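Notes follow once the structure below has been shown.
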Amino acid sequence: MSFNTFGKMFRFTTWGESHGPAIGCVVDGCPPNIALSQKDIQKDMNRRRPGKSKFTSQRKESDEVEILSGIFQGKTTGTPISMIIYNEDAKSRDYETIKDKFRPGHADYTYFKKYGIRDYRGGGRQSARETASRVAAGAIAKKVLQNKIGKKFKVIGAVIQLGLLGCNIKNWKDKEIQKNSFFCPDKSVTKLWEKYLLGVRKSGSSCGAIIEIRASGIPIGLGAPIYSKLDADITAALMSINAVKGVNIGSGMYSALLSGLENSDEIRQKGKKIFFKSNNAGGILGGISSGQDIIASFVVKPTSSILLSRKTINKKGKNTEISVKGRHDPCVGIRAVPIGEAMMNCVLLDHYLMNKAQCK
Amino acid sequence: MSFNTFGKMFRFTTWGESHGPAIGCVVDGCPPNIALSQKDIQKDMNRRRPGKSKFTSQRKESDEVEILSGIFQGKTTGTPISMIIYNEDAKSRDYETIKDKFRPGHADYTYFKKYGIRDYRGGGRQSARETASRVAAGAIAKKVLQNKIGKKFKVIGAVIQLGLLGCNIKNWKDKEIQKNSFFCPDKSVTKLWEKYLLGVRKSGSSCGAIIEIRASGIPIGLGAPIYSKLDADITAALMSINAVKGVNIGSGMYSALLSGLENSDEIRQKGKKIFFKSNNAGGILGGISSGQDIIASFVVKPTSSILLSRKTINKKGKNTEISVKGRHDPCVGIRAVPIGEAMMNCVLLDHYLMNKAQCK
Amino acid sequence: MSFNTFGKMFRFTTWGESHGPAIGCVVDGCPPNIALSQKDIQKDMNRRRPGKSKFTSQRKESDEVEILSGIFQGKTTGTPISMIIYNEDAKSRDYETIKDKFRPGHADYTYFKKYGIRDYRGGGRQSARETASRVAAGAIAKKVLQNKIGKKFKVIGAVIQLGLLGCNIKNWKDKEIQKNSFFCPDKSVTKLWEKYLLGVRKSGSSCGAIIEIRASGIPIGLGAPIYSKLDADITAALMSINAVKGVNIGSGMYSALLSGLENSDEIRQKGKKIFFKSNNAGGILGGISSGQDIIASFVVKPTSSILLSRKTINKKGKNTEISVKGRHDPCVGIRAVPIGEAMMNCVLLDHYLMNKAQCK
Amino acid sequence: MSFNTFGKMFRFTTWGESHGPAIGCVVDGCPPNIALSQKDIQKDMNRRRPGKSKFTSQRKESDEVEILSGIFQGKTTGTPISMIIYNEDAKSRDYETIKDKFRPGHADYTYFKKYGIRDYRGGGRQSARETASRVAAGAIAKKVLQNKIGKKFKVIGAVIQLGLLGCNIKNWKDKEIQKNSFFCPDKSVTKLWEKYLLGVRKSGSSCGAIIEIRASGIPIGLGAPIYSKLDADITAALMSINAVKGVNIGSGMYSALLSGLENSDEIRQKGKKIFFKSNNAGGILGGISSGQDIIASFVVKPTSSILLSRKTINKKGKNTEISVKGRHDPCVGIRAVPIGEAMMNCVLLDHYLMNKAQCK
């Protein structure tokens, strides 16, 4: 079972509700003797934090992580690392008016039906607030991988489609992503996207997004066929993020349109280097990393909490309508970038450790 | 860990290589007192079997399943059900010529690099032959779900896109799928697809496919957030099938193009019935089944073993070329339909049992 | 993997070091809609708490549990329950003098050798302080079992041997245990034990203890053969407690001395009742509960931290001597009673849920 | 979950009933490139085999293991190793007379009550015949450990008490065990034991036994606190063997009688060697191996199937009597020696791999 625990060798367990006193996470299986400080984690937390720009939720959370265990004299000890993040700006009043209604597109209805009880404040456990814990865990995974693999290791994500608007992926610049308010890798579309998203917000509706995560410097051999294939684990990790409805590895759905001749990546040797002539496989063959960049993309559906009125039912099963006030992102997909990176980091470390056990 | 084991409460472990003496599977966690015979399983095996038509591999395998344990007097006993399928038509000679080369698009290279040893006969463990075991396990899961949920329960899959050619999903007929040689739900496109696939085969290349799996009659409440969400588990299950590169739930990748207003499925009550006005969510909200049909689709990349010559390297790391003779499906995606159904059945039973433990 | 997580369906993950800011635990898989308050947990915490009598460590800890998630309006919601206990009286100075030496009988040496780093303050993670978290988790398991099984359900433990001194188990009185400062079920030996233990402490040494845990009102059918047998899981649970070196089920080691005729418990029917004429099996047959009382006992070795001088080596591998000042229980076994009860409660709930999934 | 699967990194799943067509086991997680043949496994199988002497069951089974997968050109490939053992001498008739009665001391009653169905032939799944599969898995684990650790690695078990009769453990000779028909390490008691066991058999009853397993050459650092402690895992492994009712690590239950001064093993350095002056801890401190010999002992209760008449009930819940004809060992404990060794080998390899992942 693994209800609220993710991972096999490198595992994290998250807890906490949107409007409870705090949320947090316990990381287990972290190798010992890795230098780790609160700052290493906070850096990534800040990338995910709400309230930073006009395009993300105006909820103000400092999202400061406190480390409660597992570190001694600046280094991991191999024991569980417990982290806590206090909820500061939880306006439960906002939710009083909707507490007896089920918001369409949300898990209100299914949670209530499954558990027979519902913490309606901000979505309770189903809130994307839970993902803050993932980012904290991912920051640790990243630190370990940097230590084990070295500088060539890198995981970076970007929004490559915002609602109806794409971007030119050939313009991908890592540096641009870091400063772009949409985490978009292509500077040339920023203005257009801005205008578009303002329009979406003004309309009282929302839009979806597609995020791509790239991992480079990955050793060959990560992935444990048949049922712990690297791509299956990455896919499950990304699909577990709130509002994600589809995941592609490499050419993904697009590979249906390719012929066998076009799709299979040819292999070449030049000097001591072995390389592939293309990367339709997204760096994974037979569930095992090939040494190429690992490329995964996922879609985040449009925010379900919108100002416009929607038909729904209430707890008594009667027809009613709902419009959600609160403070919501017009496109939750944007903030999914650091979350996707975090999940990728965790899966990669998990498989790095598993591979070390069995095949090194 | 779960290298070759799938599932949590309902678990199966598969074993065997394409050209070894046999393959098989051990199903564990099957509830007791369910009527089960070899015939129940064989029926599904026959749907996946190679050598049936000109569009699938000409390898002749009767794929007869033998049950070795777990059944007493026609009923499951709650103990492990071991099944074995002997390999009959394993022509290892076909592979002698390629044993020192890595086939592009296959896992030859990554297996060899990971394990330092490679069973080159028919791809060894990476062969899609392993999926026969999944179909056997899925047949058991189906039988149990029919027993527990009743007649309204149904899982059915279909090929909805063959290479460049789609079909009209509104023409979906379950009955058509059963007799269609492509498992296509839309009779009107069959002739076109036939012609197309013959062309593909003649060209010495191959094509991909998109498969959709629909599950109906599913109780509300299956799925265990956060890290055993029903959709995440379905996605991982489908992604673990050979050659799958992308998975969608409901509107999937397409939901990036929808507005929040269009995407969230409105809820209505009429008499005693509660229903949704659309099903973009694919029957899953917050990782929990909503009672709507569960809809998942996945892409199978074009067969990598093609007659046309491809650039690659050999075991010594030297440049060379390869063209794969053998007996290969021009579109492996077709035979993926019963495999996708099997995985869906297994995931659903797994979550059915988990939910029974915790929430009933 | 399950480094710091215990359980399958009902799972808890503990974290924290003896002298860090806090310790805690995340309970996952708790069924929803169970009334649960901080008081329910605190009651059990207080039984384990140090500083209560002259026979236990003088470390003063209020051991107040704070619940951070998983409860809404007084009921469990089915989401993870996070609990935190702040460390108050952590005198790290006491440990400065021994930080470079390995205490015999402790895990100082093995932790250092395994992890290459050692949190020497109070034993760090290897401290029995971790068991406070288990008691908190066990209190929740107990509450759930009372709710599901009803009043007849009861788990109670007692010290039945203190060092060289036994007691008359036929005098077992549940009520006596509750007020006895040794958790001894036989009032008649209390004075003798007191005198003995004072002597042990005066000598600067320590003594061991044997604890017996009895569970009654247990439904028939708990336990999942072959590798999740109820007795195997109970045994592992008890053996995981600090300083435990042996576990018996029913007649345990003593059954070597019985003949087959004496040992197998005969079964009888009287009216509608089925009963056994003896209970050598300790309520478990073939790894499955039989409806009889479940009886498990375990030994806690004598406290390793003693005033008397012991030979050891230091971090540099040089010979030296050590005597441990600090505040230590002359018999840690006494405080193991509520811990053993907690582990029994957790295992029973775990199997209760598993059995519900598969066999009901 | 792990109903019929044992282990974490090195895992085996067993299947099969006493009187079904076959039993078997799938080993998963075995490292690649280890030389392994059927002979390596058969050697250990023969030590456990019934029908070898007058002191063990007269059931004639050649117990020949057939390997069906996972080996290529004499080496493990890292894929699952499936093994099958056909049942040859399954006399189901013997059981017809008792099929409606529950044998006292057996799991007949609990299996029937749990699963609502019972394979009465030879105890079905609850038969000790299942342990043949464990011995096969253990033989593989041993081969891997010999390869990884080298010649100094050794696991050996012995019967140290037969019913009421002990032996002098100081006379322990590995060589004696190999030829002794009781696996007794002390030659001097053999004649006495023989006489005693003949008497037990003549009486129509049976006796228990205590087995000790010693593992030497074990690296420091195996074991994953808190809930995968090496001793907790060994204990669960041994307790999962049929008829085992108690497990000790090192001094075990006896440590209750020791003072802290006597019990904690002092540490010394001499030249480059670090050693302990005693081994009450049984080679494990804080759940982690210390480099000393690992010593575990367990009790096997007297065989429950005896010729003498016992009171019991039948399937209808009516009082009746039973005496079990069949072919039974007067002391099943004797044949538990190779099984205990097998479980120890599996646990050690499991932890060896886990430790390699995290701490090397």
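As written, the chain order gives the labels A, B, C and D, with residue 1 at the start of each chain.
Note that in this section a residue touches a chain if its C-beta (ideal position, glycine included) is under 8 Å from a C-beta of that chain, and two chains touch if they have at least 3 such contacts.
Nothing here was measured: the structure is a model prediction, and the numbers come from that model.
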- Going by C-alpha centroids, which chain is farthest from chain D? Tell me that one. A
- Taking contacts as defined above, which has more of them, B-D or B-C? B-D
- Message: From the mean C-alpha coordinate of chain B to that of chain D, what's the distance rounded to whole Å?
- Response: 39
- Please compute the C-alpha centroid of chain C, do the same for chain D, then give the distance between them in whole Å. 26
- Inter-chain centre distance, chain B versus chain C - centres from mean C-alpha coordinates, in Å: 46
- Touching two or more other chains - residues of chain D: 1, 3-5, 8-9, 14, 29, 32, 78-79, 114-116, 125, 225, 354, 359
- Message: Under the definition above, what is the set of chain D residues touching chain C in their complex?
- Response: 1-6, 8, 14, 102-107, 109-111, 113-116, 125-126, 130, 161, 163-164, 200, 203, 205-210, 220-221, 223-229, 231-233, 235-237, 239-240, 242, 245-253, 255-269, 274, 277, 280-282, 284-291, 299-306, 308, 310-313, 317-319, 333, 354-355, 359
- Of all residues in chain D, those that touch chain B in their complex: 1, 3-5, 8-9, 11, 13-17, 20-24, 26, 28-29, 32-33, 68-70, 72, 75, 77-82, 84, 114-119, 124-125
- Query: Can you list the residues on chain C that touch chain B in the complex?
  - Reply: 1, 9, 29, 31-32, 78-79, 225, 353-354, 356-360
